[in-house]
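First comes the structure, then the notes that go with it.
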């Protein structure tokens, strides 16, 4: 199975981190290709970031069209997710979507830990889109972050571990999601000392995408009407 | 007051129709400028359409930055609305958003009539975003439409009038929204024979935007981080 | 346009305060008339207060029938609002209703600040009636108040400003409503130092009522059946 | 135990009907007194009716203050219910409230049958106030009614029986409420041929009021502030 | 009236406590029989406990079939409640169910106090099943408990009283439920010093069961299909 | 990976059908063992059925304890699911749970088709437990069924196909779940002619269980307190 992983932000170091976790999580026969959004924000935080990153993600999906059996949008805001699902013809999962569903199947109430509070509204929006708000025990977030997205996983590892404990002890979470593309892989390293299972969105998306491809290898594409002035990648997706 | 109206699709005839209704609805001192999205779908129907149209709408808002005191996104899917609100520094209203709030203040339960059933999921998404689902008596829609968005208002006027009656009689609506940029102005012409008030999204957005500018003439802009590869209009909005 | 503003409590000093803010908020061509409820509580706090004040508000609306193009119920509990909408034949807005809708169009999640915690349940009920609970970031309130409703705006101005900061910093509000007829005008004076837009219910109701009159200058009146023993104002409204 | 039953409308024939069912439903030691609202609509249908009837109901409760151990508001719109609960110092139940709770304890999903569709919005509002909407299988209603509220129970008995069948067969109700003060007693006569239990709001309120008096014979009264110009009954309740 | 009270756990001391409170709460003509679950956990805390206790409760109900006019499942998790309602042919109430409905009729927002936090998720599940979550002001619970369920009421009485005060003062509850079969009778002893009415689930269930038997003395039994290998009590209930 | 599949009803022919579909759906390295509930109903339809089947399912899981890396409760009512998750120490999925999550990841709104309307309330309860109600486009069901659960898949295949079309055309479903253990495998045979992807609960549970085992190979077991009188299988699970 060929799996395309799109990093929706434009920080290459994050793409590499995501690719690493995706490959660790993949089954034997899965071939992972990771690409970076062709344009847009360095880090996706605000609604404006997500709007632009969503279009960039579609362009990346379109540019690689035909070369994958499933795709993952590896950005916790799930930018462009509904649009991608309509047009891809194969399963597409956002890492936020995947983490919420995996957590809901592993526990009764999941916590969500993210590295900066500015990210919370975006994640709340993703949760509402999935309709799983009643399963969430709450969000825990660190203070604002202005550093390098490529190294935040190391810089804030201890803080994230402490927030996991808060989610379990204060919010009653019985499984905790470590949210955010820049934290890909952190759940794996924190898991041995965590009191409950930790979910990495990238790993969840890889495992669930492999499952969905077996359940529904091809999907209907919703008709798109005519459009003008689209860049190359988008044109490919709309065609 | 200077009001920018963006038609998020790329059909000029729809821009003209929207501009006409906006000017009819505007107060004496309001100067209306209408622009068409610089790229994207001819008609916004699907999530993929809305994703691309949202970015095109941001580009249009950015290109005209500094020349308006409020802006209207004149497309019933409200593409790019949250992003535009973050970055514009002045009130921005979607015509769906405006219609829902105006209807909620004029009646207890509003109906929504649209010219083609394929549009309903997009409108339902807008309604959910506003959080006003409990105030909606239901949607009524015509069959699929593949004709010219520029003339659908005339072609389907009788059908829309019949759907208004259904919304009132069968769904219990006490006010009805005539949804969709391509139908701009139709509520005005159907109103004399309608059993309840009819809401035109463009007219509602114009009147409410005028009100909001008086209540909050300037708004904070949410900080945007660095981004790469943005086209000119987007760059202006992100700067 | 002739706008009637009803103060639903029986404290004349509050009526004057409301009238002042309504006139500051009104457009050039709007003529504001403010009246005081003919009977009922000095301050509307409890459900029993609101029940009686609602009937008194209807009596005031009925007594002035025919002399206004829109009306505002200037009491944050919106007493008698649904009944007034049924019978008035013109747009009627409650200041709670208006504040919630204006705030929802200006931000993603609004906070509500009120001067005494005893008022919160009433405001929560109004919010639920509007169906906008999902847009609310929370309520912040001062301790119980037993002083003079006519001067509470001055006495508690600093406390309200501090509660605004809490709503923004702790609850994540990006717009804040300063709730309560007795605080009319306070948002205007606090705005220059506030980190987010502040909404005054009276000002919002004036601006939105002007907008709605243009969108729907006359509204259907729901049929009333026979009734007995009504006081004069009520009789006029029921006729 | 002394039980006061207030008919919130001003049709004496309905008061008699309600009194009859209340006495049939009462336990041996319960003494039922039934009174009619001192003013207001002949039949409570609209929000304006309910607003005025609520104040009239409070006046009736106040006029009899001290003479009852529990009270019932025998009007399906539950007019004045929250206010009455605040001020009475003893249990007060609305017949809508009582019917919803009794039905929720006897079945999984209850249907509601009412004699005229114009009543449905009022009942829906009561259901929302109780928070039990998720337990309701739906409403079934007859066409508009302009006859005599005192004899509608006989005139529409067959129609109500047919609507009960619809509620069971089409909506999946496993218990059905026969709604409305003017239908008091009809559930009792239709019960022998009904496929599921039928709930009469008056009978439910009597039995539940007797239960609540034993669980909480006296209740705190919420403080009321000063008020002016109240009629005698209201003054007694507010004192 | 013959009332069967089933203690769903297997601690006899709790059965005796429940029986005592049930008899204190019962009307003159009510004959109370209390039985203990024939197998299962000493205390019902987890979902696994509730699953087994539910089957044991059905077995107890089946073993006594024909000897009662109503039954109470006297365990706050309401184990086996839906199943029992289907098969009993007479009213069956859980003490959680009864407490929630009684509290909802006596106040606007009820608090729930329980003696150990480990019990909260089970009670939350019961509340969700009843659909009354919007009426709940919140849960207050003591630390984990590993002592004797038969004497926890005495050991933790002071702690429960303090939690009641928190529920009123911090959560705004205007009525408070003292939750849990092992606390049966505690509400009665704490009531004289409590600021709001306290609800005992057993007492509420007794009073409400007496009311329901008068409203619906017999109920339809849902058809059961064939089953194999059932123990004696279950067989009786399924027959 | 060793996967235990428990058929919660006691019809061996259904166990065989489920086992067949589980093996078709399993990945190369997965070893499927299927067992039948040791006691209980032939078909799980009612709440009483589900209560007993849940305990029987726990007994089956306990009897095989230590011999599986994940387990599936192959009955659409998900009997005993929460209890099993607490005690198993490895991932456990219900086929209803799995189908809902898989469908939510493959489409925007899923329909549910079941072979008999009597099953719908049970499935609705499962959906509510998962919290995914907002993602469901509705249920479609055939008339009551009293035949052989072992052959209903063949008998009602054409009816199910027609209900799938209704779910797509009338309810707007973009993915449809074929619900019920006795229909295991039917989705696979109907898929080639279906307009949208069809989800088989057993196949979904197998694929998702394989994914979850990789994400969380071992899970914490919630402490169980002492219990008495448990049959052998239950004792093993509680130990």
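Note that the chains are named A, B, C, D, E and F in the order they appear, and that numbering of residues resets to 1 at the start of each chain.
The definition used in the following text is that a residue touches a chain if its C-beta (ideal position, glycine included) is under 8 Å from a C-beta of that chain, and two chains touch if they have at least 3 such contacts.
These numbers come from a predicted model, not from an experiment.
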Completion exercise
For chain C and chain D, the contact-path distance works out to 1
Fill in the blank from the handout: In terms of mean CA position, the chain most removed from chain E is B
Practice task
Answer with same or different: of all residue numbers used at the interface between chain D and chain E, are over half used by both copies?
Solution key: same
Handout entry: Turn needed to bring chain C onto chain E - CA fit, degrees, nearest 5
Key = 120
Problem - Inter-chain centre distance, chain B versus chain E - centres from mean C-alpha coordinates, in Å - result: 53
Practice task
Could you tell me the distance, in whole angstrom, between the mean C-alpha positions of chain E and chain F?
Solution key: 30
Handout entry: Centre-to-centre distance between chain E and chain A (centres being mean Cα positions), rounded to whole Å
Key = 44
Fill in the blank from the handout: Residues of chain A that touch two or more other chains sit at 82, 85, 108
Completion exercise
As the complex stands, chain B meets chain A at residues 10, 38-43, 45-52, 54-55, 58, 80, 82-87, 128, 222-230, 234, 237-238
Problem - List of chain A residues in touch with chain F within their complex - result: 25, 27, 82, 85, 91, 93, 97-98, 101-102, 104-108, 130-135, 174-175, 195-197, 199, 203-204, 207-208, 210-212, 214-216, 219-220
